[in-house]
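Dumping the structure here so I can ask a few things about it.
A, B, C and D are the chain letters, set down in written order, and residue numbers restart from 1 in every chain.
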Amino acid sequence: MKTAEKEWSPKILAFLCNWCSYAGADLAGISRMQYPPNIRVVRVPCSGRVNPYFIIKALQRGWDGVLVSGCHPGDCHYISGNLVARRRFAVLKDLLEYVGIEPRRLNFSWVSAAEGEKFANVVKDVVEKVKALGSAKRLVKR
Amino acid sequence: MKWKVLEKSELPALVAKLTEEYEVFAPVKEKNIVSFERLSSENQAYLDFWNTKKPPKDVFFPQTETLFTYRIAEKDVEIVEIPAAKGKRVLFGVRPCDARSFVLLNKFFSSGEHKDVYYLEKRRNTTIFGLACTSPRSTCFCTSLGGSPFGKDGMDLLLQDINDKYLIETITEKGEELVEKFPSLKDAEKADVERAKKLSEDAETAVKSKVSVKDVSEKLDRMFEDPLWDQIYQKCLGCGICTFLCPTCCCFDILDEETVEGKRVKIWDSCQFSCFTLHGSGHNPRSSGKERMRQRIMHKFNYFVNDFSEIFCVGCGRCVQECPVNLDIREIIGAISARQAE
Amino acid sequence: MEDLENLIREIAKKLLSEKKVDLIIGYEQGTLPLHTTPCFVDKAEDVKKLVWNASCDANLSKYVVDRKEKVGVIAKGCDARLIAVCAIEKQFPRENVVIIGIPCLGVVDRKKIETKLGDREVLEAIVEDEQIKVKGEGFELVLQKNDFLCDSCLTCRHRNSPIYDVFVGKKVPEVKGANEFAEVSSLESKSAEERWKHFKEELSKCIRCYACRNVCPLCYCKMCFVDQTMPAWFGKTNDLSDTMIYHIVRAFHVAGRCVDCGACSRACPMDINLRELMKKTEKIMKERYSYEAGVSLKEVPPLGEFKMEDSQEFIK
Amino acid sequence: MNNPYIPNLAAIRKIIIENEAKDIKTFELVFKDPEAMKNFRYKCGQFAEISVFGAGECPIGLASSPMDEDCIQFTVKKVGVVTTALHNCEEGTVIGVRGPYGNGFPLERMEGRNVIIVGGGFAFTTLRSLTKFILHEANRDRFKDLTVIYGARNPGELVYKYDLEAWGKRDDINLNVTIDRAVPGWTGLVGFVPAVLKEVAPSSDNALAIVCGPPIMYKFTMPVINELGFRPEDVFLSFEMKMKCGIGKCGRCNIGNKFVCKDGPVFSYKEFQMMPKEY
């Protein structure tokens, strides 16, 4: 049992915007930066494309954590997609935490195409936090 | 027919003994809501209720029931059938109106070429231990629909509260089989049976709410296009309270569920939901609340009567009590029967 | 009360006979004690059916969406605010609706009375300004109305419709000093685990009858997300995960629009306190975006717009 | 007790794309269990519940003829969840089949009589089953003249072109294929089904008519059928409704007190006239 616990590592679903964060992740890769291999990336045109259902569905399917990353405010390829998304995520996060979802499972970041290092750090941080929480149980459909 | 007496203090012991031999489902009170639950060491039967919030239909017709599971391996599929529950069950504390619903549900689920085995198997393994109704509510109208507060339809045994003790009336062989497991039960005396009879008559007169269903079905034959439907549906919200809490409503949907393994499930559905009849093409033959309300009333008071010579309503009054906008089925029936025959 | 009832009838009669509206949506006596039921009056001579008392709990704004004719609606503070929200969201042309504002001292929560009475059934009830007289088999009680009001009404901020075309009677004083978020705050102070346990227990009672959704004037979607099949986002069974998601997403959908009319909690046959969830959305909106729904006909709900300086402490 | 909800497993042996839009395909199925294949006896006009595991079930009319013993066929238009999932299946995929269900066409009543088959659009599937059945050498003598009128929006939407071609060469069938509007290269009939029916004017003497198509076609075809002198009890229509169980239990496909799944899907025009207009 002990070893199994040691071996467990979280699965994180990451929604990365095509114009900034995805490019940032790419830069991290090209620059040979090391970060944990626990994320699976879904490339989206904009963080505004991330329907709250995506996040909830990920939790329901048993992903241990979710990361949504987009362009910095003001830098959105579609002018304001990330700003609309920001309010949406704020409310969703507050609401999910209120019903008892562990706050650290829901992660959001702004990572530009030039911020490869930030991306690597965000992933490291998210993986560490989720690892500390253990595997997801709440809202997971068995 | 046999009559036994049971001291009131002995009831918990009787129920406890039942749980040793049967899976017992009985009314359980939790946070003000009484509903039928499987008895375990963690809960206990609660008999001091008017009626349960949900009808007992879900013991045989659960809100969600897995029909079978399947495993998909590339292009191939393997179906894993769910073995029918073999365990003997007792459904304890069912009110006569709800017990009567099983008579109707049995007729329906066992009709036709293809029978609903999921309902029927569970029903067959179950002994229904009714509980007579000594103080009906103002919304009860069972006597208008062929039932009565001490009615025995659909039951194997009937427990009757005769003030200082209980009488147990065995109705069927199944009921007798159960009673035989309690050899210590004494036979009832004539006076006890007399008292039960008196209480039964009192309870019957206590059902004040009446609806006239005499020629409702015939009238409905000619009322499909009646302007009445344009009126009555207006305030209906289209929620599923009346149908989900109805002891006889049993429409369902079949879906594939996404879980670790594939599952095909049967779930409660309601004719009041707009998606109930929505075609894949987007066409909906019952596109507004009017058609949906008409379907509910027609199904209960006309279509079912044509097929089974019974009205598909037992007068339990749940839909009357729980409707958020006080849309009262008794008024609808009243309006139909008030229609002049042309 | 008598008074307001007559005033309502007069105004309804006037609006109908002057052809300002085709239909008045109000309340009439229900078939059970403590119940009224929505009523649709299209003839001036029928206005005598209209009643007004503290059991007029249905939210009539539900019946305004999708209506072609011109309607006059009897609107309590909460009803009027929801009409405003739906009007901002262009669910009907504002000019098609005459809001008949009415001062409201709160509506009765029948569940509270039932809890108080236990097994005793109310057979007759008279609802007055201060008191509710209930009678039943072998009992007669006088209840103080304020002890049996809906939770929403106890902390109501708009007992007088903030938006109206006609106002009936005199405005009543607003509730003072009530902490509308007391329940939410007390839940917030608990641990995530305790909150999870709480909501799990509460929502596991749900039977997916969708009364909470269908009674809600804001749930006017032609096809609800739970009914969608392509893709079928979430399951329709009473599986706990799916059921909780249904309620969470519904709360999310009414965030910034919900005015705490309490209709969902009242409608729930399983006595789920949905208000706990809905009220949280109100709190979020107030704290993050200083927004209160249904008090203006101009401001768009927060999730329909954004500001550069919006809070983003949760984003790295 | 026999469990009616468990489907038989069947593998897709062949997929035929039927139309230009590629949203109508015919699926040829072979049961995994040869015994089940043998036991699956059906009548023209019946349907089955098709399962695509993971997507669900939906009712589809049997398009093959009961005389085809080694496989069954379903022609499916891509519309909803299950049909879309089915369209995404490849040959070899195993799906489920429950049935056959419904009453089917009144073959006994057709024997010794002239048969007129009128179909529009993709609803032609069960009519194709019927036509194939009647044309089968073992059956052809049992029926008199066979007239088929089949219309589609344009040539690309005509299904079963291979059958139509073969039938066109026979002299024991009066085949009339029409398209709604003329297009270059089309040398056949042009016009809506009711108009063509009027022109062909099959005699109603000792004849039975089977009509199957979209509701709008019924609306305009029935007056012509009446004009031609068919008695309401000699005309049969096939209906479509939202169905789930297929066995008269789930409660949604009724028109009045008739369940389309078990009392139908085929109703005589006489029955139809008695039914409430809720379909």
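Rule of thumb we're sticking to: a residue touches a chain if its C-beta (ideal position, glycine included) is under 8 Å from a C-beta of that chain, and two chains touch if they have at least 3 such contacts.
All values derive from a computational prediction rather than experimental measurement.
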Which of A-B and B-C has more C-beta contact pairs: B-C
Cα-centroid distance, subunit B relative to subunit C, in whole angstrom: 31
Rounded Å distance between subunit A and subunit B, as computed from the means of their C-alpha atoms: 48
Centroid spacing, where centroids are CA-atom means, of subunit B and subunit D in whole angstrom: 40
Centroid spacing, where centroids are CA-atom means, of subunit C and subunit D in whole angstrom: 50
Per-residue overlap in subunit B, given as positions that touch at least 2 other chains: 253, 255, 258
For subunit C, residues contacting two or more additional chains: 235, 239
Subunit A residues counted as touching two or more neighbouring chains: 141-142
Full enumeration of touching chain pairs: A-B, A-C, B-C, B-D, C-D
Partner subunit D, residues of subunit C touching it in the complex: 229-230, 232
Touch list for subunit A against partner subunit C, complex: 52-53, 56-57, 60, 73-74, 80, 83-84, 86-103, 107-110, 122, 125, 138-142
Touch list for subunit D against partner subunit C, complex: 80-81, 84
Contacting residues of subunit C [partner subunit A, same complex]: 184, 187-188, 192-200, 225, 233-235, 239, 241-242, 244-245, 248-249, 251-252, 255-256, 277, 280-281, 284-285, 288-289, 302-303, 305-308, 310-312, 314-316
Sites on subunit B touched by subunit C in the complex: 31-33, 48-50, 53-54, 63-64, 135, 137-139, 234-235, 237-241, 244-245, 253, 255, 257-258, 265, 267-268, 270, 273-275, 320-322, 324-328, 330-331
